[in-house]
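Every chain is named by a letter (A, B, C, D and E) in the order it is written, and numbering of its residues begins at 1.
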Amino acid sequence: MEIVIIILLLLGSLLMLLGAIGLVRFPDIFMRMHAGTKAPSLGSMLMLIASALYFGTLSIFIEVLIIIAIIFITTPVGSHAIGTTAHRLKLKKWERMKIDDLERDENM
Amino acid sequence: MILTAILFAILASCLPFLFMKAKRTQGWLVAIVPALLLFGFLSLDTVNQGNIVEQNNWLPLLGLNINFYIDGLSSLFIYLILGMGIFVFAYANGYMKSYPGKSRFYSFLLLFMAAMLGLVSAGNMILLFIFWELTSVSSFMLISFFHDKEGARKAALQALLITSIGGLSILGGFIIIGSIVGSYEIQDWIAQASLITSSKYSTAALILIILGAFTKSAQFPFHFWLPNAMVAPTPVSAYLHSATMVKAGVFLLMRLGPIFGPTDIWQFVLPLFGSITFLLGAFFAVVQSDLKRIFAYTTVSSLGALVMLIGIDTDLSIRAALMFLLVHSLYKGALFMLAGIIDKRVGTRDIYLLGGLRKPMPIVTTITTLVLTSMAGVPPLIGFLGKEMIYEASIQVPVVAPYLITFSILGNIFMVLTSLYVGYMVFFRKEHHWPKQPQRAGISMAFGPLLLASASLLFGVLPQASIQPYLQSAIEAIKPEHVELKIKLWHGFNKVLLLSIATVFMGSLLFMFRRITVPFFVTFYKKVFTIHFSDRFFSIIDRFMRMNQRKADVVQHGYQRRYLSTIFLFASILLWYIIVQTWGSRSAVQYDSLSWVLAVICLIIVGLSFMSLPARLGRVSVITIIGGIGYSVAAIYLFYGAIDLAITQILVDSLTVILLVLVLPKLPRLVAFTNARGVVRDMVLATVFGSAMGIIAYTSATNPAANKISDFFEEFSLSIAHGKNIVNVILVDFRGIDTLGEITVLVLASLGIYTLLKFKQS
Amino acid sequence: MIVFAPIIIPLIFIILSLSLGKASGAVQRIVFMAGNVTTIGVAVTILRRVLNEGYLVAQAGAWEAPYGITMVADTFSGIMLTLTSLTVGVVSLYSMAWREDKLNKPVFFALIFGLQMGMNGAFIAGDLFNLYVWFEVMLISSFVLISYGSKKIQLKGTLKYVTMNLVSSFFFVAGIAVLYSAVGTLNMADLAYRVREANGELNLFAPSALILMGFAVKSAIFPFFFWLPDSYHTPPLPVTALFSGTLTKVGVYSMIRFYSLIHLPGDVFYTQLFLFIASTTMISGVLMATSQFEVRRLLSFHIVSQIGYMIMGLGLFTRLALTGAIFYIIGHCIVKTNLFLLSGIGYKITGTFNLKQSGGLMKHKPFIAILFFISALALVGIPPLSGFFGKFMLIKGGVESHEFIHVASALGVSFLTLFSMLKIWNEAYAKDIPEDSQTQDFQFGKAPKQLVISSVILVVVTLSLTFGSKFIIDICDTAANQLLDIDGYIRVILNR
Amino acid sequence: MISTAIYIVIGILLLAMVLSVARLVKGPSTSDRIVSLDMIGSVLIGIIICLSIIKDNSIYLDAILIISLILFVGTVAMSKYLTENVSKKWKS
Amino acid sequence: MNTTLLQLAARAIRIMMLVISVFVLLRGHNQPGGGFIGGLLAGGGIVIYVIAFHTHQLLSKTLRAMAPLRVIGLVLALGSGVLGMVLGKSFLHAQWFNLNIPLLGTLHMGTPLLFDIGVYLAVTGVMVMVILLLMEDRKWN
């Protein structure tokens, strides 16, 4: 059991670190946005599960579930907002970016 | 009894408003007040019954009691004030007939009279000071009676400012002496004179008091306000600025004579400044052309003579001073009134325009001649007596007699010249340039001068019978061990008489060659006395104001950020001073296994704070950075287990960010005020201040108090307050009233947003 | 129980004013005045009871003394409560006649009560953090009031006011935190007790310096006074008048209260610091005042200058000097408010606050001229008006402590004050309307009666300070004695 | 064993936090900053979890509940502000 | 930026936030939370709702109806204090009762809870007020 918790924690934190590295290293805002929102939400889910396992009571499980639900509802909305905004602001895109669906939609 | 009298006088100052309807007889009605009071005070009769002391407790804690002390000196002044008062009010009845605002005039004149009465009869020096200031204030109002004229306003301002410098300095002096003696009663002071003079602070006190007396009595170099004060209506000049108020300084010096008389400063400063004033005043009088200004300068001169005499501090000199005081009040009051009559009837006061008034105004001419003769010091008028005594007193001074005699003689020669010259120019000269045809003076206006002139004559001829006892008791008040001195018109043929004759002779000689001498004096005056104290006074004020304006512009520049830097600069100075003072009173910090995490978070906070400084970032970016700082701070709270705090921090932080973002579009465009140097300066300041705060926080964290009240909270939170969450229990129970205050703050803040947004000006 | 009334009553009236938004104007105004009258009544009751009983102590939530929040009223608090509630009441009367629509809104009434609540709380707080809370209540109301009306210049002034006061709050709360960590208590009596127990071992320099700076900015003393003249002339006049009379006094009150508790005999550092601050504050304020030609700015600078006198009393820290300082606070509060009210009346009549352009008031409105003259002289301290007694006691105290330099500056400043008051007098009252005045076509409009009545009330109070000086000085003396009697304070609150 | 692991986890999280802070400082656009702020929030959640395990106290999780709710509000509001500014510019 | 996605999420989140805020309020005396935190959370919920639905006609009206909350909050807080004064020794003196509610059993209630509810309402009301004012002022597009 302890091993599982440790692995989950480590995985979660590494995912967060990965996200952070992506946040620093990726070339344009859209990619950074993905790195900065997706990875940590997964990471925090893993870590939350770890803590739920650690405490191991029902009420904690329910609470953790609620938190995970909240994270998974809010994060996409937030990242969506950021993305749309960035696009509207016409922030610099990566030069190797090929397809821009949103622009096509708006031009239609 | 005395208190009642003075209260009556003060209340009487409301009377004129009751008699507003009685336009023609207001002055006469008001004159009843001093008459009544005079009657009352005469019945006190200090000459035969000795000193009167009246004590009423007022503020014993302050040593300020309404105590009155009337001795011979006070009595003399009281009779002078009230007697002159009757004449002046009667005179004013005629003089003020045509002016609006008469009631105000009478009211302030009465108030002045009351204050003056209080001043001379006060036994408590602070009470004396109160009345002293009241006389200044009422004088201010009276000088600026024609307040829509700029000259009047300026003169009044000048007079009040100068006398209030003096007022404040005598207050200082009184308090110093009071703290030496432990009481403000004049009797205690006189009784403990040696204690006072032996104290090391007495010199300072004495100088302060002398300064005050000098400003009030228009001594050089403060003499200039008095001639300027002549813009006041003539009754005021006659009453305040010749007969009574300017004598207040002299009175004060006489009062303190028994205490400070023997000191060196007293005997040096007073004769020195007195004699200078004496001579200068007399000289300035010669070169003036305005009648009232001439008389004002002779007043200055006479005050100088008085101060000189007081400073000599011998029996004879004190007698001379008292005599001369009386003499001067009699003739100078009359002269001012006469000048006013001439001004009213002819329309000018310029002696070069006046002339030949002998024919149209015979009575005025007679009276004036009589009074001027008194001023010149010719027997048998009382002025002669005064002058005789001055010489007598000056001669017998040990060391400086020649010097004093020279000054006195010169001064008196100018007096004689002035008297003759004025009399000639106004009445006996042939040519004239009258603005209007002179008319006869009315009875109410001539009444005062006439009586005063006759008094001069009467007192001069029969001094023994009339004024001797009063003077005698006044002298005794100043010189208790004094032997009886007889006042006689004829002293026998001696040195003093010789000097008198020489003076009159020299004066007449100068007058005979007036076509040469007077123009010479005028040119001399213009060449030598280029500094006009009065102009200088106003230019100093102007420069002072401009300097302050500049200073205000430097300090009060209106730049918010520099105010902030100033505040933090001073705060840093204070804090670093304290840190250096208390260095070494700290112990080492305890580390645990999580300290390094805290250190990293702290570093992040510091880094973020620094990064938020550059102005190019723009507001939204700065807000995000501040958000980051907030989250980091929340992390610190968590490490210390303060979950409630951390949650609140994050909530407040996020909501602040949101609200800021909502408000942002309303803000004006961001302008970068600071340049690189400014940023560096700010950073240095921030570092200095921040490190000071850091050191203080560190010190206090490493030296915690032994028992804190929070221990109590932890212990009893669950058992008594029925709550496991201590933070919440503190918020709603232990310290609920704080929370009540805070939610009130919130509600009020929301009102603030309401008013800001709703009452917006388009 | 009555100790809580000064905060409960205003709070009730805040609630009432806010819930009366839909009622008619007359009802709102009646509620407003009723609130003021009640507060005055409460304050006077407290003062009377305090004079009889010495101290009134109550524990919020019935938690015993050092743990719960103590509310304590002594004579000094009683005086300040009465004084401020009286001032607020008169200014409220005045503001209703000011004929500016915004001042007749329930929001404004609520804010006035908020200010009242904050000040009252600060006067009766026996706990340092609680004091901070009441400061916040007071400040937030004042923030809103000073921006009330949202004119552009006002917002500029508000910005300075708010920033400076936030900085001061920062200092204050930091000081409280450091103090708490050093002493372990927030209750002021307990604090004093522990300071005395420690017998000089306790090093409180740093926290008290921080708290000093917090108070210093609030009471606008040197060198932290800039915000005051830059912001006080911007809001609607009744608000300025209210602030000038009351707000800085709260800072001074707290300063006296706090330092009298931690002040140990022979504490040279703070004595000298306060005296230095006092002199520099007096001088710098008055010097800048002399050059001003905007009445409200001029008077604002004078506030700074006169704060110096109050601090001087604290610096000297003798019975006489404290009595003087308290008396001076009373006189100054009344007189300064009145001068602002009168300048407002002058504005209603002549249409300008600029001295150079106004004039003729003495000729056309002699009654108002008299009111002004009395108040101006009272401010200067011309005897026997109220300012004199305070200054006299302070100077006497200074001479007795041999602080001659500070005495000299107090005297000199009083001279300069006279000068600038005479300037107002000469320019606005004695002088005729200037030829080149831009407001030349003004018609000497009538000042509303209610404005004049408010001013008359304050002049009557000023005069009664003279005639009742024995009574008032006795009260001030009692207050000063209580301030010096720390042991008594500790005994009453902590029972030890 | 879990107690040593937890320190490693905290170390990793702090590293992630420092990196996010770097992005927060560097920008270049405001959107970048918003993203990194979001990221810091997530890292904070991770740190709280570790703390709750270290201190063996489940009430830390309550804090996570509230943080996760409020974080997103800030993000959305700021994005909202940015878009609005843009559309204003387009209009004028 | 007025997307369906945001509105959808906002509906869910708002309800969640309000429920959680009340929950946090009620258990605040024993667990982290309390009136202040609860109020802020509720405020956050309203903010997100406003951001998502600011074009909605009824929003302003709804918010306006909520504005008196802050006064009610003040009244409750003050009332709990005065209640302590009337029933107990001093202002804000906590009074505890055991309420017997059928079904739920005995409930230990006291004036501190009332006070906390007052705080909650005041904070929420203020947040609503502020947001309402800013929104009306902005007329968002």
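Here, a contact is a pair of C-beta atoms (placed from the backbone, for glycine too) under 8 Å apart; a residue touches a chain by one contact, two chains touch by 3 or more.
None of the values given here were measured: they were computed from a predicted structure.
Asks: On the document's contact criterion, could you list the chains that touch subunit B and likewise touch subunit E?
Replies: Chains in contact with subunit B as well as subunit E: C, D.
Asks: Chains touching subunit A and subunit B alike, please list them.
Replies: Where subunit A and subunit B share a partner, that partner set is D, E.
Asks: Averaging each chain's C-alpha atoms to get its centre, pick out the one most distant from subunit C.
Replies: So the farthest one, by centre of C-alpha atoms, is A.
Asks: Sort the other chains by how far their Cα centres are from that of subunit B and give me the top one.
Replies: A
Asks: Grab the C-alpha centre of each chain and report whichever is closest to the global C-alpha centre.
Replies: Chain closest to the assembly's C-alpha mean: C.
Asks: Most contacts: which chain pair?
Replies: B-C
Asks: Please report how many Å separate the Cα centroid of subunit A from that of subunit E, as a whole number.
Replies: 31
Asks: When the C-alpha atoms of subunit C and subunit E are each averaged to a single point, how far apart are the two points in Å?
Replies: The separation of the two C-alpha centroids amounts to 37 Å.
Asks: How many angstrom between the C-alpha centroids of subunit D and subunit A?
Replies: 10
Asks: How big is the gap, in whole Å, between where the Cα atoms of subunit C centre and where those of subunit D centre?
Replies: Between these chains, centre-to-centre, one finds 47 Å.
Asks: Please list all residues of subunit D that touch 2 or more other chains.
Replies: If we look for residues of subunit D contacting two or more partner chains, we find 17, 34, 36, 59, 62-63, 65-66, 69-73, 76-77, 79-80, 82-84, 87.
Asks: Residues touching two or more other chains, restricted to subunit C: which are they?
Replies: In subunit C, 11, 14, 18, 60-61 touch at least two other chains.
Asks: When you check subunit A against every other chain, which residues touch at least two of them?
Replies: Residue numbers touching two or more other chains: 70, 74, 77, 81, 84-85, 88.
Asks: What's the complete list of touching chain pairs for this entry?
Replies: According to the stated criterion, the contacting chain pairs are A-D, A-E, B-C, B-D, B-E, C-E, D-E.
Asks: Which bits of subunit E are touching subunit C when the two form their complex?
Replies: 68, 71, 74-75, 78, 81-82, 84-85, 88-94
Asks: State the interface residues of subunit C toward subunit E in the complex, per the touch definition above.
Replies: 1, 4, 8, 11-12, 14-15, 18-19, 58-62
Asks: Looking at the complex, which residues from subunit D come into contact with subunit E?
Replies: The contact residues of subunit D facing subunit E are 59, 62-63, 65-66, 69-70, 72-73, 76-77, 79-80, 83-84, 87.
Asks: Which of the residues in subunit C come into contact with subunit B in the complex?
Replies: 7, 11, 14, 18, 60-61, 63, 66-69, 71, 102, 107, 110-111, 114, 117, 121, 129-130, 133-134, 136-137, 140-141, 143-144, 147-152, 159-160, 163-164, 167, 171, 174, 177-178, 180-187, 190, 203, 205-207, 209-210, 212-213, 217, 223-224, 226-227, 229-230, 284, 287-288, 290-292, 301, 320, 323, 362-363, 366, 377, 382-384, 388-389, 392-393, 395-396, 399-400, 404, 407-408, 411-412, 414-415, 418-419, 422, 426, 429-432, 469-470, 473-474, 477
Asks: Report the residues of subunit D in contact with subunit B in the complex, numbered from low to high.
Replies: 7, 10, 14, 17-18, 21, 24-25, 27, 30, 33-34, 36-37, 40-41, 44, 47-48, 51, 54-55, 59-60, 62-63, 66-67, 70-71, 73-74, 77-78, 80-82, 84-85, 88
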